[in-house]
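Heads up, there are several structures right after this.
Across the two complexes that follow, subunit A remains constant while its partner is subunit B and subsequently subunit C.
Here is the complex of A and B:
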């Protein structure tokens, strides 16, 4: 009793020491029960443990299934998979900033704001439930720019061309993109597109209508960067022109307003501004070429 | 949000081309005009005669001046501003959540664009002859310094000009940097760093020129400026009356001729 009192006193004295066992972490979650429903705030208290991340906080919240006021509530839903910042599925707004929940450490967050941790779903993607969003547009954008090496076929093409160490070094950072969508969430030029199912509409019809709506919007920094990655790959280059057509189509690279939030928030620290500038240069050359080749 | 309607307007179909022309128009001709305009104005620091002879040079275009103004200044600026407002409307500034330098510059780029827009319209009404029917049009090309100084010397007007000019300068200097990304002029971190120096240099130089011109106008003695201008005009008329500079100058003109050089001595 007296021991725990003393330790609480020590941590309170210098104010910034990390909280000790017995402390409570206050969490505020923006919840939403289903698509197109109203969202609402809910408070949760979680006993502090050393080395917690936002995922473990959410696990405690789910296990308790009680709000701060004692009401029994449905567990808060969230997405995660790898827990080591490589799968890109756990993106959410933690204290108002887009980041990966798995690498958002509670000790660091309490340094930012000792009062509470605020969790919100991403604001640029349709909410499925609570903190789970539909990041389908991230992947649709990769389809738009054909972010892959086209090697499908029915016979063996033999080994591909050699890639120099310099090229590898250039490509590697871009290849670490995990489609988390942080760059899109923070981008002031990237605005939300949400398509709801109409009554009597089949899932296929909905999917088609959604893709069409997505294809009108900005492709986003990640897709521009992936187009650069594959246009500089010796085999990926084969469809470089198709990628340039996509990048200069409506919603393409011209929608970027150079805010550089993407590069500031990318958890993989991908040099996105560099990719955008390189794609901009390629688009300049491409547009001039097209002007004279017609 | 759910009512997203795919629009197939001319603007939508030609988005890439229009945005690139927009970006280009910010540099040429609108940005180039800004540079020439501010440096011309700064010549007032060399005295009323210096500024007057620059203005005379521009006005020697005569009847060509109006079409040139519309083709190379007003219309491109209207185009840039129109597309600029469309871009501003499509964005969702978020400096509150992401207070990074790049994002602050992005937001300032939009804010200064809008300030510059309001300022430029007011500035044209205030000094350009297009504003004459509205009680403006206070600039008299035959009395360049004295008329401009009279119009600009009230403190409130000077302050509004300072805000407008600095907004336009920031917008242009920062726009220069982003333009390099748009067109892919600087793609490596080192090149981007050098581009930052270039943009800051251009911004500081133009800002100094703009504020210098304003300071020059504020410290002008209107009476003296008017005297110099009148004398310069007399010389011009005399030369015209003699049937061009090729003829031998009449007696008396020889004395005045040196004043056609940029800096006439004060009386």
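Here is the complex of A and C:
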């Protein structure tokens, strides 16, 4: 491997010895074969390549299908799609921190810990297998806060409302939320809800019971931020009251302890605490208004 | 009679817009996707979406000109009525997306802002930051979620479409699919099945596409008898960031906002690019295409970048092919506002700030113009008849295709920012026709005999079990996929040569044989990604073969398909009369070539596993084909001669009043 490649990495320049060809990356993965089964650690060695990310590490592990001790093992399961941090699929705990695997660059990770890279599934969602978790609750929360513009339909009614550049610049960052769930993983108020199928229970019954359980839990920073987004859209705000009802119900905004962990881990740098503060103020105003409306 | 029920496979822009329209029309929709629909590949689109708008209109733009740019850019290889309908719908679609809350960039007065994309002289492209695709997809996802809450749409996420179920008459009655978590199979009876499964970039190993863009669904429909159109037309995007796992796109908008492409005049100049003086830089696109500059259509930009590195030996680096894409002359603030997202991608993966250092880029496989052959009903005004059941219908009745997986809109080359439009358009537009078709069925699919579905289920279960049971094979599906990708990238992208294509075809057949000996490293039946991937690799071979065979047979240059042996160079003569003579010959050759090759390639899966290729005439009744002369030496002389010929032809037609209608037969995919 040429020198120019090594320096294209993020270390090199500041004195860190960048790994080179021939070097091995040690990886430790927390695996779990299926829900309700024991998890276990497994070690893998992957040959180093410049510009690698955690996805390419997992691709090499899948192709080799052998653990470090030489045993043939099933490939580690994980989710990904876009590989450019815009689809929200690949969230996992990399070296203990919730983040997107596709933008977790090996060079950077080795700076954090030169010994090994540690991969774990998110802890706030039920494990499906290995690094794959069920994040249905993330989407369910979007239903709870009615995160949409209530248009009449798809027939032509001319353009949407005029929107100033300031309004657009305000809305746009909120609209880049990719439902990755990092903010939920980091939030102390967001705790894991796992519902197992009872014997004799149909898939539909299970789904319903699960949704009810989800709806009792904390709705999450991402959904609060979406509610703010739509409550500030000229058409979206036509159902602002319904969103406020959802946000002030149990599991709503009052559960947020303002720990601000969420904003620190959001890969899209969405100003979540600002959204939460705005939603909080709106909730107060709304509560007073409701009091007088009675 | 029960409600009509439609199964939509794929929840990108096309699938979501079809779902929304169908639900609105009262159809019950099952929406299926390999990934949660909100994570579909459409989120990757950065640049924007095209349509005539109030501003361009006042500069002389019309829907007709958008149509003209699209067919000219596509080298006339598309039926024109559907394109006309699409460009007519453009303004309405942008308005709709605007109403759905897409945060399009705004002018100071609060109107939608637009930028200019390749292949046009107008600023037609509406955009939302640098994540237009994500924003459009989210808006549709939100509407579909609304219908889901109302119980009109049922989502099946983490499901794999395995095959359409056909009755004895060949009509599609539903599909068999697999749950990717539990690995269970299930039959989905439906009045119609709509495929909206996107492109097939992974046939090329690494591309700018997402990991689910394997083309598996389309391949399965093709193997079940659906015809495939124009497979050999694969767009290679001029500007991508080379990476080990993916080739990440650098959007055309970087050039739209003024980005300049150059190489140092001295090969592999070791200096920091910022220290290379203007005079020692070669802005080869601006130099060779003064009218369009850095915004020449994609196929041309790609070939020029490829050529400057290979033929001219002017690659920036010695052992890796790349050129500079330079934005450093544009104020940081402007860049952040207009291109923030895409510049972050470069920074994130390359660790270099493109606002202060020119980026290094190279072409990468990006878009499949080809796809499932679909039909349409021509309207009296030369567009597409709304509500006609055959719009977007594949050669298998009851099976529809929309979005990137159909072949309909982009001909031999897609213009930037036209795909998001065609996806949303085909999705919205097909819905009433699909509904009309299901209403007209004698028996609803739900009442179809159980045997049909049971047989299909059994077939898929057997294939699955056979794969899991395959022991002792020493082939690895990941290795085979890499080899296939390298091969296809080498021979079937920017420059195509017959010897290479022919031998690659044999190599693909061998790879396919080796694939038969793949053994799985996971033989379980719970979230087994290994077997799903292996299946999808197996389904890449039929597509690879039809791409190669189509390319091999097509002995001409058209759009993204370029064969040096068939190239028509410009005019060599310098003396005016000799120039004219050459131009006449050039036009003769062009006309002969048009007669021979202005046809869609139609591939059908043969019983022997090889594609059977036939050709279909194209409806060019709206805009007569004309040479694409971007930057050709002597192009002005050729154009002059060409125009004279056109004038004569028109005059001749006017004299014989009973001239036959110029519309060519369309429809039957023979």
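Some points to look at:
We adopt the following convention: the second predicted complex is superposed on the first by the 272 of 294 C-alpha atoms of A that agree within 3 Å, B and C clash if a C-alpha of one lies under 4 Å from a C-alpha of the other, contacts with A are read in each partner's own complex, and residues count from 1 in each chain.
Here is the rule we use: contacts are C-beta pairs under 8 Å (C-beta built on N, C-alpha and C of every residue); 3 or more make two chains touch, one makes a residue touch a chain.
Because the structure is predicted, anything quoted here is derived from the model rather than measured.
Superposition model on subunit A: subunit B and subunit C are shown accommodated side by side without a clash. When the shared chain is aligned, subunit B comes close enough to touch A:265, but subunit C does not. In the superposition on chain A, A:81 makes contact with subunit C only, while subunit B stays out of contact range.
Using the contact criterion defined above for the overlaid structures, shared-chain residue A:186 touches subunit B, although it does not reach subunit C. Judged by the touch definition given at the top, the superposed model places A:158 against subunit C, while subunit B stays out of reach. Which of subunit B and subunit C touches more residues of subunit A: that partner is C. Superposing both complexes on chain A places the Cα centres of subunit B and subunit C at an angle of 150° as seen from the Cα centre of subunit A, in steps of 10. Contacts of A:278 after superposition on the shared chain: subunit B is touched, whereas subunit C is not. Once both complexes are placed on a shared chain A, the shortest Cα to Cα gap between subunit B and subunit C comes to 19 Å. Taken together, the two structures place no residue of subunit A in contact with subunit B in one case and with subunit C in the other. Interface of subunit B with subunit A (complex): residues 1-2, 4, 6-7, 12-13, 15-17, 19-20, 87, 90-94, 97-98, 100, 102-103, 105-107, 109, 177-178, 180-189, 192. Here subunit A touches subunit B in the complex through residues 36, 96-97, 186, 188-189, 191-196, 212-213, 216, 248-261, 263-265, 271, 273-274, 276-284, 287, going by the rule given at the top.
On the side of subunit C, the complex with subunit A involves touching residues 17, 20-21, 24, 35-36, 38-41, 43-44, 92, 94-96, 98-101, 103-112, 128-129, 131, 134-135, 138-139, 142-143, 145-146, 148-149, 181, 210-212, 243-246, 248, 317, 319, 341, 345, 348-351, 428, 476, 478-479, 521-524, 526-530.
Looking at the complex, you find that subunit A touches subunit C at residues 2, 4, 8-10, 33-34, 49-53, 55-56, 59, 62-63, 65, 72-75, 77, 79-89, 102-103, 105, 128-130, 132, 135, 139, 142-143, 146-151, 153-154, 156-160, 162-165, 167-168, 171-172, 175-176, 178-179, 230, 233, 235-236.
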